[in-house]
Amino acid sequence: MPKDHLEFEKPLIELEDKIKELKQFMQEKDIDLTDEIERLKEKSERVKQEVYSELEPWQILKLARHAERPTTLDYINLICDDFIELHGDRNYGDDRALIGGIGKIGDQPLTIVGHQKGKSTKDNINRNFGMAHPEGYRKALRLMKQAEKFNRPILALINTPGAYPGIEAEERGQAEAIAKNMMEMARLKVPIIIIVTGEGGSGGALGIGVGDKIMMLEYTYYSVCSPEACAAILWKDASEAKTAAEALKLTAKDLLELGIVDEIINEPLGGAHKAFKESAELLKEAILTNLQEIQSFSISEMLEKRYDKFRQIGEYIEHSRIEVNDEQQDEVVNE
Amino acid sequence: MPKDHLEFEKPLIELEDKIKELKQFMQEKDIDLTDEIERLKEKSERVKQEVYSELEPWQILKLARHAERPTTLDYINLICDDFIELHGDRNYGDDRALIGGIGKIGDQPLTIVGHQKGKSTKDNINRNFGMAHPEGYRKALRLMKQAEKFNRPILALINTPGAYPGIEAEERGQAEAIAKNMMEMARLKVPIIIIVTGEGGSGGALGIGVGDKIMMLEYTYYSVCSPEACAAILWKDASEAKTAAEALKLTAKDLLELGIVDEIINEPLGGAHKAFKESAELLKEAILTNLQEIQSFSISEMLEKRYDKFRQIGEYIEHSRIEVNDEQQDEVVNE
Amino acid sequence: MFKDWFGSKSKYVTVKRQKEKSKEKKKKKGKGKGKGKITDELWTKCKNCGEIIFNKKLAQNLKVCLECEYHFRLNSQERLNLLIDEDSFTEFGEELETVNPLEFPKYESKLKKYQEKTGLDEAVVTGEGQIGGHRVAIAVIDANFLMGSMNSVVGEKVTRVIETALNEELPLIIISGGGGGARMYEGMLSLMQMAKTSAALAKLDDAGQLFISVLTDPTYGGISASFASLGDIIIAEKEAKIGFAGPRVIKQTINKDLPSGFQTSEFQLEHGMVDKVVGRKEMKDVLVRILDIHSLRGEVNA
Amino acid sequence: MFKDWFGSKSKYVTVKRQKEKSKEKKKKKGKGKGKGKITDELWTKCKNCGEIIFNKKLAQNLKVCLECEYHFRLNSQERLNLLIDEDSFTEFGEELETVNPLEFPKYESKLKKYQEKTGLDEAVVTGEGQIGGHRVAIAVIDANFLMGSMNSVVGEKVTRVIETALNEELPLIIISGGGGGARMYEGMLSLMQMAKTSAALAKLDDAGQLFISVLTDPTYGGISASFASLGDIIIAEKEAKIGFAGPRVIKQTINKDLPSGFQTSEFQLEHGMVDKVVGRKEMKDVLVRILDIHSLRGEVNA
């Protein structure tokens, strides 16, 4: 069994291995085990359904971080009929942890930006594990402003543990880069679709995360901070990360309920890493459907809706205002 | 005699020294030398007029580079009723060789950007001898775009040997920074006044050099390259710099004739370094007069005039078009 | 709530507010989490130079060490005292009460603790007032309240003060001093306040209005990566710590010691992120001068 | 002037043009100032790997070394051959003649020399043509003419091709390959062409039109610090040298050796200045794909 499988995937993997074994045995020994195999297949399907229908936040987080999960470039290549990666922020550098470019799905042109994780350790070092520096956010902004110039919709694919916390990132204004992007994305005059495809790590995610529709793949998370960090700070115990993952309400389902996320994009049973093509198809469908919806509004309507979407986020009690008059403190007027 | 005096200033300095000497002598010995002194003063004045009325390009270049010439901050402090220096490009750094900020002359608010040379060797190292890096041009652009937001006119004071030619400047895109500034300055919707106050060194000057009015102080130069570099390349002999200075047509007078410069701002006799306040007064007057003129146009007229100003620069012969017909090569039609 | 201290005509107060708000009491209760903590009711030891300073003198000197110019942290009320013209402040947004939307363990008790400790409802105070005679909309993040972290109410109050600036065509000033970033207890609701406030600032920017962001010690995380970095003009108070990621996180990540002076106001100036570093004593003067220049429109094109 | 070579219907020629323009002659006369010089009529020695290559084979391979993929410089005609669909090119601007406005010593003779050497009137060829069926306005700077430096005529021709792109709503492509920057012989008139072309590009940008800048070896000075750096998309040909200041000037200034790979296309990519580094053989394909995507407008908002 490969190392990359998660704890809760074990019973499934075991069943699948047994099925393979029986099949081989049947072939080699010429014994009919069809019924046995069929029974196991059914069981495997049932267990899968069970396991994946009641995943805990912590398990979803593990899936979201799965090393074999499709990356941004995987999705792009599967979705687009053509894609040309474009580089550089025209200021300082080219960040390989946050990529971008122009492409098309059928006759629909798109500007795409997204965090890029690596496929191997070496690749991951090259990609800085999908943790962008300021120049990554600035490249994304440059490409998104260009999209606006050419009236081209924007797709942002989020998959990052967070913005890189390092000396150079601080020197070049990580905070400024993220803040600027949010401000500009709020007013870009083209449709913007945001999809969390893996990890939605805090400000690093939000730096390309303002748009008309925010969607999440089924087994992804989006969080104000990593559960590990949260546990270390609030419980003073990193092993409480599971508890933190629960408390932070970071799954797609939680965030749909909280009104932060607009839509959940289903993944194939077992997770996106089990079926790249199928996942990409689902993603593509969600993109095109939502794009059509957004494009049914005028630009000013679209921008208004985008603003309102973020404007209404937040929960609090609003007490009725009481006017206090200096002379007559008792006179109370409800507004 | 201080070291900083130029060759052609010598006879003047000598006369002035002699006048001082006589005055002191008169006081000490109680001898009346009033006539003598008066005569010398007249002579000094006459010599000054003579020397400064027929300065050669090379001499003007020396004056433009004079170490004691007022710097951008000197002029700002003398011209403005208030000025707040603002720093940083919001990307990488703060360039001390190209400064900027907001200020006011009377009730006229201004955004001012300009190259800043040092007053001493130490200061000059700090200011990189007025040779900006890309972050300098980007700071200027940031401040100029802000000026546009607040409908505030822009004053750009040019005084640089050129943009810094170094490894880091190349790494951070010196060419991009200068090019971008020219493109953006061409379309900023506020009045832009450009004044060369000392050295107008090639692309480094032009990086803050696009505007509605281009003026030059009397003893300044503006050149496609330094005469020294030109001589080294074309004459293969740096000592031919004088010849190059002549050939390049780099003085205010030459450039007024060529239609590149709109106005020459007179300097006090002997040069701006002899009379800071008076020079600043002349500068201020030129700024306010020209600003008033520019503001008499609507924004679209202003932008059209600005465009046309640069559009028409260039000298060539335009032959009448001859239509060549493949079948009848002889049939010639003048358009 | 600053009505008594400022003598201003605060028009709105909430019904529920019944807490004690004595200034003296707060000081006593102050746990002194920040640097330069108050060690005694009468005397304070400077964290920087060790000088023992008589509190009254320290207060008179705007909480700047008389010996070494170390800038002690100010709370929101002291900050407003410093900047706003006398009798000109009106507070906004007191009608908002923080809830526990995620039912996060222990959040309510934390809130209560800080509300009692600081006399504040939340980590920001917003309102309008005059600075050198210029009417402004203003928000002050208070680092003493849950590290000045951003949650639903902080985001909402900041957004509302931006909207007031927009609607009443006032210059906007936000004094940031929050080391807590986006508040974990409200999860993504906190994080999204970064987007919400930034979007509101985009509208203010589109309207051509002035926003001055003032960064004080400490400005980090969700605060620094949203409105704090979006000022037309960004002023940092001397010696403040300003950054995106906290020094501990960075140290852990890179497994190296951080250079001295890292993430100070001066560091940010050098790296092009702030327009100006200003000492506390000059802060009001600088703001007034900026407001003056921006109040002039001069001749506009015909 | 490329009429014969391209068989296109060039509509305008100047009266004065009477020079010999034999392609063969040019090659013989070529002094091979650039790298990878042609050492013989039949054979070329690769400057990079030393391989001796049969010229015909080299030409068939688009002047890319068959051994090491070294990219020999192309002249403007070869570049157009490479990129423009057959029979689709029409040249512009032939009616402009360079003068000596400053009466600069020896300028006329220099001009004459390069005109004879290259068969060109000036350092740029402009026109319109099709690339993969997309009509485009195009300019090609030719490094063989006075180092591809910018003067009044070059600036004017580039500006006019920008204006054509604007007026006829065509995508604009400029192939830069000029190491000479702004031409000294025309002094400030040359320098100001940087501003002129940049201002024209601002208009094109305002109109929402596409400008692809292609940087080839060498792109420096006044060319790189104006239109070459202003593309919506900037493509650098593999291994080209691109920069602001020339390596000799930088070396003199800093008094140190320059790092290897300094100012190459790959260096510019790493430093965020170009969108893509493309080998010569893929160049046309990449341009066609970019033009394809930009020709799609998809659904626009209602």
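Order as written gives the chain letters A, B, C and D; numbering starts at 1 within each chain.
The rule is simple: a residue touches a chain if its C-beta (ideal position, glycine included) is under 8 Å from a C-beta of that chain, and two chains touch if they have at least 3 such contacts.
Please read all numbers here as calculations on a predicted model, not as lab measurements.
*Asks:* Following contacts chain by chain, what is the lowest number of steps it takes to reach subunit D starting at subunit A?
*Replies:* Minimum step count, subunit A to subunit D: 1.
*Asks:* Taking contacts as defined above, which has more of them, A-C or B-C?
*Replies:* So, comparing the two chain pairs, more contacts are at A-C.
*Asks:* Compare the CA centroid of subunit A with every other chain's and tell me the farthest one.
*Replies:* With centres defined by C-alpha atoms, farthest from subunit A sits B.
*Asks:* Measure off the straight-line distance from the CA centroid of subunit B to the CA centroid of subunit D, and report it in whole Å.
*Replies:* Here subunit B and subunit D have centroids separated by 32 Å.
*Asks:* What is the distance in Å between the mean C-alpha positions of subunit B and subunit C?
*Replies:* 43
*Asks:* How many Å are there between the centre of subunit C and the centre of subunit D, using C-alpha atoms for each centre?
*Replies:* Going by mean C-alpha positions, subunit C sits 54 Å from subunit D.
*Asks:* Give the residues of subunit D touching no fewer than two other chains, as numbers and ranges.
*Replies:* Residues 205, 271-273 of subunit D each touch two or more of the other chains.
*Asks:* Could you pull out the residues of subunit A that touch at least 2 other chains?
*Replies:* Within subunit A, residues 90-92, 172-173, 176, 180 contact more than one other chain.
*Asks:* Classify the chain contact graph as line, ring, star, complete or other.
*Replies:* Graph shape here is other: it fits none of the named patterns.
*Asks:* According to the definition already given, which pairs of chains are in contact?
*Replies:* A-B, A-C, A-D, B-C, B-D
*Asks:* Mind listing the subunit A positions that touch subunit C in their complex?
*Replies:* Of all residues in subunit A, those touching subunit C are 163-167, 169-176, 178-180, 182-184, 186-187, 202-203, 206-207, 209-210, 222-225, 229-230, 233-234, 247-250, 255, 258, 260, 306-307, 310-311, 313-324, 326.
*Asks:* Please name which positions on subunit A make contact with subunit B in the complex.
*Replies:* 90-92, 134, 138, 172-173, 176, 180
*Asks:* Can you tell me which positions in subunit D touch subunit B when the two form their complex?
*Replies:* Subunit D reaches subunit B through residues 9-16, 95-99, 101-102, 104-106, 152-153, 155-156, 159, 181-184, 186-196, 198-203, 205-206, 221-222, 224-230, 243-246, 249-250, 253-254, 258-259, 262-263, 267, 271-273.
*Asks:* Please give the residue numbers of subunit D that touch subunit A in the complex, ascending.
*Replies:* Per the touch definition, subunit D meets subunit A at residues 205, 208, 210, 232-233, 269-276, 286, 289-290, 292-294, 296-302.
*Asks:* Quick check on the complex: what are the subunit B residues that touch subunit C?
*Replies:* Listed in rising order, the residues are 82, 84-94, 102-104, 107-109, 135, 139, 146, 149-153, 191, 291-292, 294-299, 302.
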